[in-house]
Each structure stands twice: as structure tokens, then as C-alpha cells.
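Both complexes below contain chain A, partnered by chain B and then by chain C.
Entry: the complex of A and B
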């Protein structure tokens, strides 16, 4: 049955090369921890992606309860964490995952740096990787405000002060991010939109580029 | 399945410009025969092992989330002046760096734009700055030294920032709000009560809102006691909803006539009859039983 359906689709769209490219590519010995334990450093990239998937899934469930509005944001997070079944676990996964993804990404970056894997012909992949890093930091910054407790509010205020200190454009930058002259209702909805739509969209596009390039170029050879 | 020379596929596109016929399609990805050792295919051999690593990480991660609840403080209060701001841990190094005199005040452009801009810019463009063919880090002393130096500064600045935060907590005798909140919730749970940091404002409905006295209230009281007569807690102006539970008719007459604290005297603005009318109405403002 499954095979018949697959053949029906494959006859029309010739999908075999797409997945065979992923399935059949060889994993060389020097990145396989089964052969050399020290090769575990090559796992960090995959683990970063794994945690990112956890972040996307847990975030999708959080938006079912979260209300991006200054009167209800805190109450909805409070309700989600203390009243909803497994809500504390889902929020915990998103909260701790946010830190873990930074750690994993940091380790992955260091591995690529110290093995010199960013060198020709893989320069573009490094640049895209760094852009992913910045997007992740942006996700961390915008997500920090959303529970709308004092810690979130004052950390964002400090961030805005730093943005304001940029010469010439600082004031406009601050007002653009805040959506007004104070950290308030507009800031919360704006950060929510950036955290949930803008940055994840950019992240997925960059990740697609990152993976396309690694498949096209293959992993860098042994040192 | 792929289009070969002797294609026995049922569907053949003829003269269809949307599908290009691929000739001699070679979809075999580059192999690693050039590398020494045992390479293996991604699916299923390597993916199974990767899945095992993923499972171990996931279990560890879930144990962490169950052991340590995500922190949640008290609702944001812009009038709170005592709160010690604290960014997430991975921004601490920047936060600490910007506290130094040569990175703030007159030099804030240097601190907030120039130095981070150069550092992150160099990181972004690393492949174009470090263009040699050598990949081993000990043969690239400049690049490696700069990275190790940056790592040391990151760790150092983060640690200083965290210690400073702990010190501030100590000298101000502050308990971080999420910890205080958790404590209170635990104490409440031990007593079998439910705990919530969300303030529930008890609203008492106005009694006889269409009473003629409401006109007097509209003309005289709403400037301070707000249009809905709910007062203004920040200015310490009490709500008039349920005021009859707090003050008796005589006390109300006295307050309106002579004033009290911030409350001005209405002796000259209202007639004795009007004062009697409004205080009788206010005295009726009691919580519904």
C-alpha cells in the first residue's frame, strides 16, 4: 500500500533523488564518534538543530495560551505554568531550551573555528551560520520580555538604553523597537510578533541555506 | 524510478515545457573514498547512532526541566524603582562591559558600537580575514589567540557581572522575585491555599448609579476620584466604590465639608443640602451582601 502510494507520487514528481541524496550520503570516519570518541565535537551542530526543533514545537504550544497584551501576558503565563496540565514542563522546555540552544550553538561555532572548517570553499556557510547566531540572540532578547514580569521589563529597558546610545540612529532604533516612547503595550505586541513570526521565518530560511550548503559541499575533511 | 534510458514508467511527459528531461542524471552524492577509514551511509547506519545521542540529550534535558521550574517573578511594575535589572546570562558579558567607564558615559559610542561592532564583524567575516590554507589551530596563532582571548574575556566579564549581581542582592537584602514567589506559593500550598501573584481587583458595583447625587459627583469628585469613581491608587486617592463600608454618614459629611488630607473642603462649593444628598448616597455605597 505504502509502496504503491510512493510509486504513484514518484512517477509524477521523481522524488527519489531528493531523499536519496540525504539518505545515501556517506558519513566519514573522522566525524563518527563510534570510531573516534573525540569526534563527539561534530555532534554539536546536529544537537543545535535538535534543540531548535524542540524550541519551535514547545513555542507553538505556548502560543495556545499566551496572550500578548500587558494586562494579560503575565496572568496567561502564570495560568499556563501553574494550572494547565504539563504547562510547566512545556514552558520549562522553552525556557531552558533557549539557554541550551545558545550553549550548543556556541560549542558548534568553536568546533568549526578551531578545526578551520570555515575556510575555502565554505566561507559562505560560516557567514550564514553567524547570521543564525545573531537571529538566535534576537530570539533570546525578544522572548525574554514576553512573560512580562519585572525581570523581563527591566532587562528590556536596559536593552533599549543600549540601543539608544548608538549615535545618530539610536533614538529612531529605540523607538522602532519599542513602538513608541516607552516600554509598554506596543513593545510587548511588537516583540511578540518579532519573536513568533519575523525571526523564526528568517531562522528557517537561513537554516535551509546552511543545510543546503553542507550537503552540496560535504563536511570538511580530517585535519 | 529515476528517468533512465529504458524508461518503463507509465507517465512520460511529452512536449511539456514544465518538466525538463534529465539526461544521465547522476544523483550519487560525493563519497569520501578520498578520506582514510570507514565511512558509512547516513540512513540507517549513522542516523540510528545519532538518534541514540539525541535520546540521551532529550532525557537529560527533560530531567532538567522537571527538576527546575522555569522562573517567573511578579508582574511588571514600571513604578518599581528598587528592582535590579538582570538580562539573560548570555548577554551578561555585554552588560558588564558597558558598565566600565571607558565603555560608557562619554565613551559610550566606543563601548556600545565600535568594540562590539568590530568583534562581531570580525567573527562574521572570519573566513575572509583568515584566508590561509592551514586549518590546524596551532598553526594559525593569530586567529586562535584572538579567539582564546575573546573566550577568556567572555567568561571573565560574565563572572564579574554575576558576582556583582549577587553582591547587590546581598547589600540590598533582596531576594530575587521568582524565588520569593516560589517560596510564597510553597507556603500557601502547605496551608492548603491557592496562591497567585496576579492581582485580582475587587470591584464593588456602584449602588443607585442613576441617583441624582451622581450628577453632583460627576461635577465635583471625578477630577480626583477618576471618571469611574475608582480612585487613583498611585496618588493615594481612595475609591468611592464601597466607601459606605469604610465611613459612616457622619464621617462622610465631615470629610466632604472640611476636607481630609489631600481631599479639599467642599464647604464653599456645595450647599448643605447638596452635601447631605451626596453623603447619603455615598453612605449607601456598600458591598453587595
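Entry: the complex of A and C
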């Protein structure tokens, strides 16, 4: 059945070269944990991506209940966590995934560092990786405010003071991020927009660049 | 530039290719700008809106103030986007040795948590977040880079009125 559908589409659109281009390439021995167990360190990049996919999916589902409004945000999170079936699980995936993605990214960066994979010709991918890192920090920072509880509010206040300490432009930077002079209604809507649209968009574009370069340059050689 | 016989005179004229790339580039820039500018102005609007001056609010009676700081709460009218509310502010008010009344802001000058008086029985203001300490005058003893801010104080008819926040004037 599946085969028939695939063939029907392939006859018309010739899709085989498309997926071959993406999937059909050899995994070198030195990165294959089946050959050398220690090669598991090469999995951290993929694991980072796996958790990123979980973040995006669980985040999309959270927005089915979440309301970015100072009077209702906390209540909507409380509701989705305690009244909705599997709410604790879905929010838990997003909550714990947010920390785990940082851990995985860090381990991946260590692997790249200690295998010297940042060296020519892969310098640009190190830079893109660093940009991904900052986007991830931004996602963590903006996401943390959304439940609008005390921890969220004060963590954001502290973050704003840090932004304010930037020389010369600090005050303006803070006001721009806050959307006003206080952490309030307009901060919450702003952070929500940045968290679910702006940064995920930037993240996907950067990941596309990251993966394109890996495919083009191949994985770096054995030590 | 030499002008040899038989060579075409050099004319300062735009080539067709250049003309097209300028007009197409200009049009593209215009269209991109037309799309981007409204959105940018939209996003930075809170920065450019007029800030309202905070008024002086009656907080308590002058006679109640002692040498030990006491926490006073008072309400200001707060406009937060499409929400208007009576927001509660906090001031720690006390008298110094000369009988001058002053009011300190409870916002820690390290990274903005809320300080408390004498929470460690040391006659100091203490911040629970990263352990900043301040004297009664708000002088920063540890962690925080600056002394606690002050409210402007007005005394009138035996009552204390508090106004805008200003940098500490006592240390």
C-alpha cells in the first residue's frame, strides 16, 4: 500500500533524488558507536536537534491553552498543568527539555572543541553554532517569564537589570525589551511573540545553515 | 586620460546594466523599507511614548516615624499598556540622628530583588537573592554596586508625601 502510493508519487515528481540527497551518505567508522563505543560523543549534536524538535512540538501544543496576558497567564498554565489530560507531561517535556537542550548543546560544543572540528574549513559552522547558542539562551530567557509567577517575574526583573548595565544603550535596551518602563502586560506579550515566533524562526534558519554546511563539508576526520 | 586618434571619446554615461540595477535596486529598497518601517516603528513605540511624571502620594503621619526603618505601603495609579491599576509601592521610612526623615526604595541595586530590614538581626537591609547588605542609610556594604535609591520626601501638615525615585543622597 505504502509502496504503491510512493511509486505513484515518484512516477510523477521523481522524488527519489530529493531524499537520497539528504539521507544517502556513509557514516564514517570513527563516528559510529557500533565500531568504537567512545564515538557516542558524536551523537550530542543529533540529540540537541532531537530535543529542539521536542521543544518546538510541545511548545506549539502549549499555545493551545496558554494566554499571554498578565491576568490570565498564570491561571492558564495552572489549568493546562492540572486540569488537562497529560498537561503535566506536555508542560514537563517543555520545562525539562529547555534545560536538557542546553546540556546537550554544551556537550556537543565540547565534542567539537576537543576533536578540533572548528578548524578550517569549518570555522563558519562554529560561528553559526555560537549564534544558535545565543538564540537558545534567548528562548530560555523569554520562555521563563511566560508562566507569570513570582519566579518568572523576578528572574525577568534581574535579566532587565543586566540588560540595563550595558554601557550607554542599556536604559534604552531595557525599555525596548520591556515594552515600557516596567515589567508588565507589554513585556509578557512581547516575550511571548519573541519566544514563539521570532526566535524559533531564527533558530530554524540557523539550523538549516548548520546542517547545510555539515552536508557540504562532511564530518571532520578521526583524531 | 589620453585621447588618441580613432579611439572613442570616454563618455560619462550610465550603462544599460547599471541603470537597470539602480532602478531595480531602488525599487527593491523602497518596497523592503515600506514593509519593514511600519513594523519597526510599531515595535519600538513603547520607547517613544511620553512618560508621565509621578505625583506625590500621602503615605503616613510624620509623628509615627522612628529611628528604625519601617515598611510603608502606598498606592500609585499605574498605567501598564491597556491595564490601569492602583499599584502598591513600598518605602522603608526612618529618621536619622538629626531627625531628618528619609524613605528608601526596596529595590536591590544589585539586580532588582526586594530587600528587607533586619532580616538577619544585624540592623542592615538584606537582599535574599544574592546576599547584598546595606546600612540604614542605604549604603551598599556587599554585592550591590550602588546604594539604595531614595524617594523624594515632602512634609506637609504633619503628613509624609512620597514622590519620584532619585539616587541616594545620604551616602
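For this structure, a couple of remarks:
Here, the second predicted complex is superposed on the first by the 208 of 223 C-alpha atoms of A that agree within 3 Å, B and C clash if a C-alpha of one lies under 4 Å from a C-alpha of the other, contacts with A are read in each partner's own complex, and residues count from 1 in each chain.
The rule is short, and it goes like this: a residue touches a chain if its C-beta (ideal position, glycine included) is under 8 Å from a C-beta of that chain, and two chains touch if they have at least 3 such contacts.
Bear in mind the structure is a predicted one, so any value in this text is a computation, not a measurement.
When the two structures are aligned on the shared chain, A:123 is found in touch with chain B, with no touch to chain C. Applying the stated contact rule after C-alpha superposition, one finds that A:158 touches each of chain B and chain C. Residue contacts after overlaying the shared chain place A:27 against chain B, while chain C stays out of touching range. Once chain A of one complex is fitted onto chain A of the other, the partner contacts of A:178 are limited to chain C, with no touch recorded for chain B. With both structures placed on the common chain, the touch criterion links A:208 to neither chain B nor chain C. In the superposition on chain A, contact is made by A:186 with chain C only, not with chain B.
In the overlay built on the shared chain, the residue A:169 is in contact with neither chain B nor chain C. Comparing chain B with chain C, the partner in contact with more residues of chain A is B. Residues 70, 154, 157-158, 162, 182 of chain A lie at the contact with chain B in one complex and at the contact with chain C in the other.
If you check the complex, the residues on chain A that touch chain C are 70-71, 154, 157-158, 160-162, 172, 175-176, 178-182, 184-186. Here chain B touches chain A in the complex through residues 1-3, 9-11, 25, 27-32, 34-43, 45-46, 49-50, 53-54, 57-58, 61-62, 64-66, 68-78, 80, 83-91, 94-95, 98, 108-109, 112-113, 120, 123-128, 130-137, 140, 143-144, 147, 151, 176-178, 185, 196-198, going by the rule given at the top.
Put simply, chain A touches chain B in their complex at residues 7, 10-12, 14, 16-17, 20-30, 32-35, 43, 46-47, 50-51, 54, 70, 74-75, 77-78, 81-82, 88-89, 91-100, 102, 110, 113-120, 122-123, 126-127, 130-131, 134, 137, 140-141, 144, 147-155, 157-159, 162, 165-167, 182-183, 215, 218, 220-223. Across the complex, chain A is touched by residues 43-44, 46-47, 49, 51, 78, 80-83, 110-113, 129 of chain C.
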